[in-house]
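Have a look at these structures, which come just after this line.
You will see chain A twice below: alongside chain B first, and alongside chain C after that.
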Partner chain A sequence: MSGPFRIPGAGQPGGEGPHGLELIGTTPAHRPRHAQAGVEGDWLHRPPEPVRRSPRVRRVPGWLAGLGLMSPSLVLIGVFVYGFIGWNVRVSFTSWQGLTPVYDFVGLDNYRALWNDARWRTDARNILIFTTVFVLGALALGFVMALLLEKGAKGEAFYRGVFLFPMAISFIATAIVWRWLLDNGSGGDTAGLNQLFADLGLGFLRSDWHKSDSSWAIAAVALPAGWALSGYVMALFLAGMRAIPDTFRESARIDGASEWQVLWYVMRPALRPVTFSAVLILIHISLKTFDLIYALDQGNLKIDTPSLYMWFTTFDGGFYDRGATIATVLLIGVALIIGPYIRHWLRSERR
Partner chain B sequence: MWQGRVGVLALVVVAILAGIPMCGAGGGGGDNQLEVYSWWTGPGEEEGLAAMAQEFEAKNAGVAFVNAAVSGGAGSNAKAILASRLLANDPPDSYQRHAGLELEDDVRSGKVQDLTALYDREGWREVLPQGLLENLTIDGRLYAVPVNIHRANLLWYTPAALDELGLGGPPKTWPEFLAQAEKIKEAGRTPLAIGPQWTQKHLFETVLLGELGADKYEQLFAGSLRWTAPEVQAALSTYQQVLSYSDLRSASGDWQPQLDRVVQGTAVYAVMGDWVSGYLEGTKKQRWQQGYAAVASPGSDGVYSFLSDAFTLPTGARNPELAEKWLVECGSTEGQNLFNPKKGSIPARVDADAKLYPGYLGWALAQWRDPKTRIVGSLAHGVVANNAFNAEIDSALGLFNQNGDLGKLAATLDRTFEATR
Partner chain C sequence: MTVRGTAGIPTPARTAIPRPVHQTAPTAPGAAGRSRRTAGWLTVLRYAGLWLLVAFFLMPVYVLLATAFKDPGDVTVTGIFSLPSSFSLDNFTDVWPKLSHSFRNSLSLSIPASLISSLLGCANGFVLAKVRFRYANVVFPLILFGIFVPYQAIVIPLAQTMTDLGLRGGADQTGGLAGLTLIHIIYGLPITTLIFRNYFVGLPDSLMESARLDGAGVLQTFLDVAVPLARPAFAVSIIWQFTASWNDFMFGAMMTSRESWPITVALNNVAGGQSVPFGQAMAGALLASLPTLAIYLLLGRFFLRGVLAGTLRDA
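== the complex of A and B ==
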């Protein structure tokens, strides 16, 4: 996240400064300039041979060299990320519709209209349901898979690959396959998972999936989404579990703890940072989900989400004002989630 | 320091070198290129476009035809990319749109050039039906050249299914359809197959056309008949009833599987445009009037609800002279006869050779040329409503599927029509 802003050498254990993390331009003035330049020099040219140069050539201060090297990416990020976010927010306060850009100012009209927009309300509810089901589902599934592999199943590498493969498939391809798997035709039109259930004598499991009349229909989309990402969650958990020293578990067992107690009292607390990261990654993927639903059942409002509404209203209807408003609201939503993540990350960085 | 400078210099050089091809791509090709933008990437239509391109290159030696087609979503992906190019004032030399009000925004924003003079020079007004010209005209001028004509108001079925059910014949009105539908349902079949959201809008316009008649249908989209008028509300109510006899709850993912259900016999009828014919003849190996058949949708006999793919001359095209030559190709008898038999549509011109269009296409061509045929435009395919209203209708119909509230549907359509005109 703020990786590119870090000065090499700063923020390492034992580095000066109370924060351990310093941004360009906030370098404390009390630091001896030459010392700092020395650090930069080591980094810039290797090997650090004895300096032989004319005394007339003064060395560029380290922070300037750093800024110089960073500036292309700073400019690009500034323009293409923050500049466009600003532009998008600006458009959300205009009445721009159609192919002629209009940069007037209509205050909060678009936000008010969105609040009263029946489709937006459906979308907002849908995305909440989808996020809840998808995040909890993928988390639980990923955790169980990691636990099984961690226990030393035979052919672990094979299963790890198999579980991770779905993530390598694009959401569009995933959606095309699941569109067929989640077909809800009945009688002679039965297909996909329902057909499988019927063949296995499990006909009572038949479902209408995302075409069901229930207002929870969108929860069915968590199936393909979870299928695609639970392997990734598994990899996260597996890495987290491997990082727990065996001695912890061993000593708990010697103390007479059952496997469940080991899981609950030793593994769970140790896995908290991993769980936290996984949840945030899943939530932000869930809020951004577009292609999966776009290809699964285009235009079915039962599984409509804000990002789809944004696309259709902007590019089919030319409502650039409304599209920008939805994008801004989505950004605020994501920021509310990513914000704590950054805070958490900074805090753990400090430790 | 020397080494550091070399490094920085190298970085700068690399950055510049990397930038050069990007500028080249942005600037487009040479003087002898014609970039044509379309969403014709499917089977049939792609070959048709290639045939036209080949003839164009043969007629204009040394000119390279650049096919800038974008696939997917019945043109919706292409439209999104096109919108960004038009906003950046970087248009292709010619681009595809559905004829009609889909082009209204482009016209009002000055993105396309007036082609009225070209129409006069080529004498196209004499060879295109009056009803088509009326639907092509925006604010009194012509801006696009139609290549082909599809028909939207068709009811598809298999003769065998009607025989088995003893139905006597396809319904002539929507009430008649509802009566048949009850029987079909009792026989354990789906009366009407339906597909994704846009096919529902296609059904919606077809029911409106059948229930209101051609005159009131046109008035409705011209704004002289309100969506809240009693007869329109009655038509909306019919739409709801027709939907209740469809397989909406287990709707097919696309229009081909929708028609598959009719061919397999699990469903009896489907409302769809005449691209069905090419699909059933080619992929399903069915023969017109034997394996499959179609009639004008209920209540629309003698009415031809059309949609048409048309090409434009964008403002700021890099090669306007070549683009105009391309438009002449699109409007010519030869060009249309090269394209349409491959695409499975009929030529917009009424003077094309009828022998090239066998089976269903022959029937459609005869109707298109019949001076007594009343021509109206399709809603779902961009003729009678602009993009903004069309997108609002999508939302309204989607919400209607969930709440089933007819009053709300009429009020929303009435309000959004006024807001987007």
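== the complex of A and C ==
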């Protein structure tokens, strides 16, 4: 969009602004007579070849004013996000335990200890199981909901509203209701979903849910988590499906393709980017899940995860060293998922 | 919820999700009858599926309402699916005194947090979309990543800083509420910035061209042209930020002392205690969800855009 452009009489190109910012502020006096939108050297458009300012510039340059507008946020994000991340990593190399901070250096001791920590190993397995069940479940459910709605059902707004409303509700409230649905009473005390199953003649589905002795107990948490978030996946898929030009599908049908073939050969490839986004977003949500499990059954180690372990060991136990180490590992996990995602998104946007 | 982030907030005129285009699938002449019958079956199946899903999504709502409106004496764990035999508001009147203070706390922190965060986000979004500078392509991804950072990774330094500043818990005269508001403003910035940035990217430069031609600088154009134009983005951003601050649990639990608890912390306390009957827990969950539910019902369109923003994706 920006072509090489030199303002008449404004000096040679080459002068670069301080802080590596290009000078993109000029006064009206510098505007050429035949100004073309998009190639001009003002603040609104992409910067042209760097231009040395003439002494007649009176106004604060555009980039500086822009930077001024952003500076409070940049400072806050710089300190509270990146500064704190660095600080947290620093804590993970100390032996800080108890209320008084200790900033010694113990190398990778905390990471080594974590690796051999039985609770951490259980948590790592738990989060793996939870992520797998939750992501696949929410993805499948969201996709089916989108597919059912895609051709336009009568009262679509109603269905969409019902599928999405859990997103407006806190995980705490969600967990409080689901806690009673996932009751594990048996015999005369059968309640919640189990009771519903028994009434429907589906008694064989009875489960102890998150209180089960199986190492898959945490998979039960995918139920409330899926309830809360699969509407979100539906919204993503629905938007993705409707972005596919109708002509694609129609020409496939004219060529004699069945609905299944249309789904497989036309929709599936077209929905790949949406699926990619949904999977990465869901994985990162799953890694961070905290309130839901906390409120569902606080202190139940069968559904313990790294993010809960971090919280309890730090703020209840005072093991800041271990807490910071878990947090760092968690951050690395999220960064590995989200970093490529942001890059992918920025690249596709530029296209 | 902690989902925050879009490739483009749609321009005001567009609806969030495009409507279906009505289409009739052309079929081979001989197969017309058969395919019509198949289509009929498919429609039945489609609606059956939809209603099954509606039942799944509304089941917790039914349990919540049926239990909350029962007479406290009728509430039993094994009877959560049975209809109330009597109508009673006792659960609500019993639980409200335990929550009313927190309800006010949450209001007094969520409203300023969402307004200030949105205003700062508007400035950032405007600069990123319309005032380009060289390192924008470095700054923008760094801000974006802020949406996804797990809060565990910053909570130790945050707790330490807030303690040092005397803003945490009982040390502060607001019981930590002021600091909590500040926290929600700061950690809301990445998503509000993105919402506004995508909104402004969608606006043609010509809208600001005339202001520039009149000799207006960046700041003046921002205040006179950009802020008034950004009203739809403000709706999305404020609603999203309000919901996020209202529903937050972790920061509230870390920052506040008992009398300053936000609603989520108080609710968890009410529902987690063994002494509190779960009829009250259900009534409390309903009360605690009312503000965000009301926003969702009245302004769902804007809410959905905020939701999709969390994926960096066009709505």
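Heads up, the rule we're going with is that the second predicted complex is superposed on the first by the 293 of 351 C-alpha atoms of A that agree within 3 Å, B and C clash if a C-alpha of one lies under 4 Å from a C-alpha of the other, contacts with A are read in each partner's own complex, and residues count from 1 in each chain.
Simple rule for what comes next: contacts are C-beta pairs under 8 Å (C-beta built on N, C-alpha and C of every residue); 3 or more make two chains touch, one makes a residue touch a chain.
Everything numeric in this text was worked out from a predicted model, so none of it was measured.
Visitor: If we overlay the two complexes on their shared chain A, which of chain B and chain C does A:Arg253 touch? Say first, second, both or neither.
Guide: second
Visitor: So in the superposed three-chain picture, is A:Asp213 touching just chain B, just chain C, both, or none of them (first/second/both/neither)?
Guide: first
Visitor: Which partner chains sit in contact with A:Phe319 here, chain B, chain C, both or neither? Use first/second/both/neither.
Guide: Only chain B is touched by A:Phe319; chain C is not.
Visitor: Is A:Tyr82 touching anything from chain B or chain C once the two structures are fitted on A? First, second, both or neither.
Guide: second
Visitor: State whether A:Pro72 touches chain B only (first), chain C only (second), both chains, or neither.
Guide: both
Visitor: Comparing chain B against chain C, which has contacts with more of the residues in chain A?
Guide: Counting residues of chain A touched by each partner, the higher count goes to C.
Visitor: Who does A:Ala118 touch here: chain B (first), chain C (second), both, or neither?
Guide: A:Ala118 sits against chain B, while chain C stays out of touch.
Visitor: Taking the superposition as given, does A:Asp189 touch the first partner, chain B, the second, chain C, both, or neither?
Guide: After superposing on A, A:Asp189 lies in contact with both chain B and chain C.
Visitor: Output check: A:Gly98 vs chain B and chain C. Expected answer is one of first, second, both, neither. What do you get?
Guide: First partner only, chain B.
Visitor: Under the contact definition given at the top, report the residues of chain A touching chain B in one complex and chain C in the other.
Guide: The answer is residues 44-45, 59, 68, 72, 101, 179-180, 183, 185, 188-189, 298, 311, 315 of chain A.
Visitor: Taking the complex as given, what residues does chain A use to touch chain B?
Guide: The contact residues of chain A facing chain B are 44-45, 53, 57, 59, 68, 72, 97-101, 118-119, 122, 179-180, 183-189, 208, 211, 213, 297-302, 304, 311-313, 315-319.
Visitor: Within their complex, state which residues of chain C touch chain A.
Guide: Chain C reaches chain A through residues 1-3, 7, 16-23, 25-28, 42, 46-47, 49-50, 53-54, 56-60, 63-64, 67, 77-78, 80-81, 120-121, 123-124, 126-128, 130-135, 137, 139-146, 148-161, 186-187, 189-190, 193, 205-206, 208-209, 212-213, 215, 217-219, 222, 243, 246-247, 249-250, 254, 264, 267-268, 271-272, 278, 281-282, 284-286, 288-289, 292-293, 295-297, 300, 303-304, 307-308, 310-315.
Visitor: Going by the contact rule set out above, which residues of chain B touch chain A in the complex?
Guide: 1, 3-4, 8, 15, 73, 76, 79-80, 83, 86-87, 105-106, 108-111, 188, 196-198, 247, 249-251, 253, 261, 264, 266, 387-388, 390-392, 394-395, 398-399, 401-402
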